[in-house]
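A, B, C and D are the chain letters, set down in written order, and residue numbers restart from 1 in every chain.
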Amino acid sequence: MIPAAFDYLRPQTLEEAVNLLVQHGETAKLLAGGHSLIPALKLRLAQPKTVIDIGRIADLSYIREEDGRIAVGAMTTHRAIEASALLEEKCPLLPEVARHVGDVQVRNRGTLGGSLVHADPAADWPAAILALNAEVVTVGPKGPRVIAAKIFFIDLFQTALRPDEILREIRVPVTAKSVAYVKTVQRASGFAIAGVAVVVKAAAKTVSVGITGVAAKAYRATAVETKLAGQPLSAENIAAAAARAANRIEPLGDIHASAEYRAHLARLNTRRALGVAASRA
Amino acid sequence: MKSAKSNGYIGQAIKRVEDPRLMQGRATFVDDLRLPGMLHAAVLRSPHAHATILGLKTEAAKALPGVTDVFTGAEINQACGLVPCSASMPDLKAPKHTVLAGDRVYFVGHPVAIVVAASPSIARDALDLIEVDYDPLPAVANPEKALEKESPLTHPDHGTNVAFTWLLANGDVDGLFAQADRVIKQRIVHQRLTPMAIEPRGCVASFHAGEGSLTLWTSTQIPHLVRTLLPGMIGVAENKLRIVTPEVGGGFGSKLNLYVEEAMCSHLAMRLGAPVKWIEGRRENAMATIHGRDQIGEYELAVKNDGTVLAIKARTIADLGSYLQLLTPTIPTLTGLMISGCYKLKAVRFELTGVYTNKMATDAYRGAGRPEATYALERLMDLAAAELGLDPVKMRLKNFPKPGEFPFHTVTGLAYDSGNYQRALKKAQDLASWDALLEQRDAARQAGRLFGIGLSTYVEICGLGPSKIMAAGGWEWGCVRIEISGKVTAITGTTPHGQGQETSFAQIVGDRLGVPMDDIVVLRGDTASAHFGRDTYGSRATVLGGTALLMSVDKIIAKAKILAGALLGASAKKIDFRGGKFWVKGKPKNALDWKRLAQEAYVAKNLPANFEPGLEASSFFEPKNCTYPFGTHIVAAEVERETGDVTIVKYVAVDDCGPQVNPLLVEGQLQGGIAHSLGQVLFERTVYDGDGQLLTGEFTDYSMPRARDIPEYVIGSTVTPSPSNPLGIKGVGEAGTIGANPAIANAVMDALAPLGIRHVDLPLLPEKLWRAIEEKTAELRKKKPRSQS
Amino acid sequence: MKTSVNIRVNGTLRTHDVEPRVLLVHFLRDLCGLTGTHVGCETTLCGACTVLLNGQAVKACTILAVQADGGEVTTIEGLASNGRLHPVQEAFWECHGLQCGFCTPGMILASVELLQHNPQPSREEIAHAIDGNLCRCTGYSHIIDAVQCAAKKMAQPGEAK
Amino acid sequence: MIIEGTHSIAAAPAHVFDRLMEPAVLQQAIPGCDKLEKTGEDEYVAHLKLGIGSIKGSYSGKVSLSDRQPPHKFTLHMEGKGGPGFVKGTSAIELTADGRATKLHYSANVQVGGLIAAVGSRMIEAAAKKLAGEFFHKFGAIVADAGKQAR
C-alpha cells in the first residue's frame, strides 16, 4: 500500500517533460492520471527512481474537431470522454467504451493517454482505438510523430512509443452511429475478458473490429473484416464472419476464463457487436 | 418509520443510534487510533507454500534509519507461546502454531519476520531489506491429493496429512439403505472462500510499565475470548489485560480468532516500551486471515418412491489448511450436526476427515459449517425429487416434522426447540406467486429459454449456545445501570460490529424499563466495562446478550419496587410498574419515576433497612438449548445459453427468526447474508494453484458481489417464538447465507434440467455452465439432428 | 525530498511537507487527522477511500498528495453542514444503508456525486454509480434504497443540492 | 503452468545446440540479463533486470542444464527470485532440422510465486511467453548474424 520512495518532478510544458524524460531515461516513469501507475507503485511492482507528473501541463486535456477528425488530448479523462456531447455526435464509440472503463472514480481520474501507453492487454480502449483506425500523436526529442493504431500495440504492456516520447493526442475519425462495444467483464477487476469494438461503415460496406482482453495484446480481427467486406450485414453473414474473430490468435487463459472460452466470447461478442452496430446504421 | 420517541420499542423499525458517527467519519476504527510514541509493525511473509528457511538476514533492515528493531522466529517464538485451538478430537494432530515461522514455512503468507519502525512507510521499506534464503519443498494444495500415499506432507513429523477423523452415526443406516427404493448419490464441493471484511484486521498494543498492565485495541469479534486466551501466549495476567474493540469493519467469522499479530504486537509493546500498531493490508488479509468452507463430500440419500427420505450418508473431507486456528476442526463438525436439516430422517452416518494442506487455515465464515449442510441436503432433495418425478415442494412437505412434533429430536442428536416449516414454505410460495412463477417458467422454456425455479427449506442452529456444547462457556453476560441522573447504561458482553445492537439492545432495555431510548447508552467491546462476555458469532448476540440484559432489567425493576414501596409507604408487592413509573396499586397519580428512584437509591438517605444503595444489576444468561431459526427461499433464475451467465429473476426469502426486535435490522442481516451466498454460488472462490500459490490474493482476482449483482428481494417472515429464551428470539445473522445457497443453486440447476444437466459444482461460473450447455446441446444434436432449428 | 502540498480540505487550507510517495488518503488521515476516509484495499477496487476532489468522486488511495496540490477536497467529515446531515446521510440512516460503516463514507460520497448530475437515478443507474464501492455487510439493497430516498429528499424545495 | 512454443532459427541444429551452451551468447539473449557466470559444469548464476511495462524487478538465480543429448535436446532448469516474487521452471528443449534451419520446441513447466502470482496471475502466461519469445528471437538473430559473418 506504500510506494517505494521516488523523486517527483512536475514539468510545466511538454518540451520540459521530454527533456526530463531524456535526462532520466529508463529510471523515470511518466505520471498522467495515475490509475495504472499508482496501483503498481503501491504494490511495489513498479519502483521508478523518478516520477514525472505531466498532469499540470497546459492543454493536454481537450476534445475538439480539427480537419474533419476529432482530436482528444492524452490527459483527457475517461469521464470527460463519457460525457462529451461532441463525441456522442461525431464519434459515439468513444463514450460508449468509456462507460465500461473501471468505475466512476477511476473514470474521473484515469486518462485515455495513460491507458493506451500502459497497454494492458485487457484494457477497453485499445479495442476502440484499433476499430476506429485512430492515430496516436507523440512528441519526443526529435519532434512529433504520428503512429497508426494498428502498429501501436506491440505486445503485453508494450507499445510503439519510444522511451523518450510522450503521447500527446489521439485522433479519431468522425463516424456514423453504427458502432458498438460489447464486453464480457472480469468481474473482480473490471477489465475485459473479451471486449469487442466495432465500426460499421455502411456506405463503404466495410467493418472494422478491435478486440481486447483475449490475447496478449489487443488486435484487429482482420479475418472478420475481410469476410464482411462488401457484404450486406445480414444475421447469417455476421455470424459467419464473427466465427473468425479468434482466428490465428493465441488466446490467454487464466482463472477467470480459459483460452477456449475467451475465444468463444471473442466470436460471440463480435457477432453481437456487429449486430448492434448494424442496427444503428 | 416510527419515531424513536414513543415507547413500545420492540418490534419497531427504528433507525440505528450507531449511524450518525459512522456516517460522518467520526467513528474510531483501529487504524484511526494514534497514541503518543506509537511504533508501526509490518510482517514479512513467505512467498512459498512450503520451504525450509536456510538463512534469514535482518541486518540491512535493522540499519535502516527509523527502524526500531526486527524480529525473527528465533527471537520471538519463545516469548510469545503457541496460538490456541479450542478443538479436542481424540486423534487430533496439531502442529505447534508459533507466531513466526521457525525453520520451515508451510503456506503462502506464513509470517517469517516482524519489523517495528517509526512510521508505516519505514516499516514497509524495511521489509524489502530482509533477505530470506528459502529452500523450496514440495507442497500439496489439494486435500484429496493430500490423502494419497505419495503426497508431500504439510507436517512431515505427523507422518500423514490427516489431522483428525470424526464420526457422527445414529440409526440403522445400512438397513435403511437396503430398504430404500432409490439411493441418490452426489459428490458435493464447497469451494474455499475468503471472508474479505472490507476493514482488514489490525491492532494497537500499549503497555503501562508502572501498572504492568496491557491494553490491546483490536479489530476482533471476540475481545473477551482474546482476554481469556492471550495471557497463555504473552504471560500478562488476565486481570492486567484490557481488550478494546473499537468499531470493527466487518468480521463474518474472520475476526472470531486470536491471531499471531495480536500476540506479537502485545509482546513487542512490552519488550520495546512503546505502543505498537499493526494494520493488515488487503493482500495479507487474503493470504493470512482465515478462509472459509472448503469441504468435499460424497453424499448418499436413501429414499422411497413416494418421496419419503430414510437416511443419509456422507464421507466428507475438510481442508483445514496448514494449521489450526481457534475453531478450525470444529467448523466441519457443524455440517454433520445439521445434515438432517428440516427432515425426519431415521439414520445418519457422517464421516469426516480433517486434512492438512499447504494453504491458509480455514475457520468460521458466515454460516460456518451450516451452509455446507443445507446446500448438500437441499441439492439432494432436488435431485431426489427429479429422479422420482416428484414435485420438490411436495417432497419437502412430506418429510417435515409437523408443528405439533416440536421439540423435534433429530437423528443427529439435536432438539429443535420450535418450528413450523410448512407455514414458512407456504408464505414463501404466496409471496413468490408460485403458480404464476411456474407458468412463467413454462412459457420461458417453450420459447427456448433456460429458466429455472429453485427453493430451499432450511433450519439453522443459532444462539450458540448452552455451555455444555461450547469449548469455553456458551452463556452471555449483561449489566444494566440506572445512573444517578436517571439515565441508563446497558453493558453487553457481546461485541456488535455492524449488527446494530447498540440500537436493538436499547430497544429491549428501553421497552422493559419504560425509558426513552435517547436516555440509554449501550456499551460494548471493552473488557474494562463489559466485565464478562462471550462475544459475537453464531447468530448469538441478540438472543443471549439481549436476554442477559433483560434479566438485569428485571432485577432492577424488582429492586426498584422495594424502594418505591418504601418511599410510597407500601410493600413491594403492592407496587405497580409501567411506562417507567412506580405507584401503589390504584393510586397512579402519586407515581415515582426512574429519575426520582435513582436519586434516592444513590443519595441513600431514605433507603429501607437492608437495602443496598444503587440501581445496578448484572446477569449471566445460560440458555438451555440453541435456537433453530428456519425458513424458505425461492429463487427464479435464467441462464444465458450462449455465455452461461446467470440472472436472478426473482428472489423471495421468508425467515422465521421469532419475534423481531427491529425488523429493519433483520432485513439488513438477511440481505447481507444472501449476498454472501449469491457470491459463493455464482462466482466467489479462493484459488490456490497446484503448487500452493494463492491466485486470488487481491480484489483484482477475488470476485465479490457488487451492487449490479443484487436482485430486488421480496422478504417476508413468519413468527414462531423460541421457548429457549424469554423474548422468543432466535438470531438472524447467518440465515440469509444458509438459506440462499441451495435456493440459488437449485434454480440454476432447474434452468439447465431440460438439457439433461444434473449437477454442476459451485461456483456456477459462466464458463462452467457454458461448457455443460455446449456438451449437452451437442449430445442432443447428435440424437435428433433435425429437431434443432 | 519533501514537497510542500496545499490542499483545501472541507474548506480549510491544509499545508504539509510530504514525501512525493504519500497518497492523498494518507495525507488526509495522517496529516489532517481526518480518519473518516478509509483504506480497504491496495488495488483501487473497494472505494472505501472515496472523497470528492474538485467536486468529483475519486479514490484517494490512487492519487498522490502532490497531484492534489492546489485542489479542493471534501471528505465525509465535511459533508454535513452546520450540524445538519446531508440528505444522503439522512437517507442512509433511514434506510439502514450501513452496517459496520467501514465502506459507508466512500459509499455516501460516491452517491453524492451521482445525485449532483443525476437527480433521479434508477436502481440500475445507482448500481452503476457505486460499482466502484464494495460493501460486504448490507448486500447493497438498502444502499440503493437510500440513494433513491436521498434523491426524493433533495428534490424537495429548500433542500441542499 | 505449462508453456510451450516453437521457434525457427536460421542455422543447423548442431550449431544451434553449441551456441546455446555458450554463456556469453545466453547472456546476450536472455532478456535483461546483466550477469551470467559459470559456477560449475552446466551451472550458472544469473542476474536479470526484467521489465514488462512499468512492472520492473531485479532477479537473481541459478541456471543449470541436464539431460544433454547433442544436438537434439537438453533440459534447462532455472530458478530466480526478486522483489516481485520468484520463478522456478524446467524446460525441455528439442531441436530438429528443418531444411537448413532448426526448429526449436520448448515445453516449460513454470512455477511462479509471491506477489506476481497473487496479483498478476492473468499476465503470467503471456509474460512468460513474451520473454521466451524475446529470448529465442534474440538468440536466433545472434546465431544467424554469426553465421553470416562466418560466411
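To be clear about the criterion, a contact is a pair of C-beta atoms (placed from the backbone, for glycine too) under 8 Å apart; a residue touches a chain by one contact, two chains touch by 3 or more.
Please read these numbers as outputs of a predicted model, since none were measured by experiment.
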(request) Have a look and report which chain pair racks up the highest count of C-beta pairs in contact. (result) B-C
(request) Could you please state the distance in Å, as a whole number, between where the Cα atoms of chain A are centred and where those of chain B are centred? (result) 43
(message) Can you compute the centre-to-centre distance for chain C and chain D, using the mean CA position of each chain? Integer Å is fine.
(response) 49
(request) Return the distance between the CA-based centres of chain A and chain C, expressed in whole Å. (result) 29
(message) I'd like to verify one number: the distance from the centre of chain A to the centre of chain D, where each centre is the average of its C-alpha atoms, in whole angstrom.
(response) 31
(request) Find every residue in chain A that makes contact with two or more other chains and list them. (result) 1-2, 4-5, 43-44, 188-189, 255-256
(message) Give me the residue numbers in chain C that touch at least two other chains, ranges are fine.
(response) 19, 21, 39, 42-43, 45, 128, 131, 133
(message) Quick check on chain D: which residues sit in contact with 2+ other chains?
(response) 83, 115, 119, 121-122
(message) Let me make sure I understand the interfaces: which chain pairs count as touching?
(response) A-B, A-C, A-D, B-C, B-D
(message) Which residues of chain A touch chain B once you look at their complex with the stated criterion?
(response) 1-2, 4-5, 43-44, 184, 187-189, 255-258, 261, 264-265, 268
(message) For a test of understanding, state which residues of chain D touch chain A in their complex under the given definition.
(response) 51-57, 83-84, 115-116, 119-123, 125-127, 129-130
(message) Could you list, by residue number, the parts of chain D that touch chain B in their complex?
(response) 1, 81, 83, 85-86, 88, 111-115, 117-119, 121-122
(request) Going by the contact rule at the top, pick out the chain A residues touching chain D in the complex. (result) 26, 29, 36-37, 40, 43-48, 118-122, 155-158, 186, 189, 191, 216, 250, 252-256
(request) Report the residues of chain A in contact with chain C in the complex, numbered from low to high. (result) 1-8, 10, 31, 34-35, 38-39, 41-43, 51, 53, 55, 79, 102-106, 108-109, 188-190
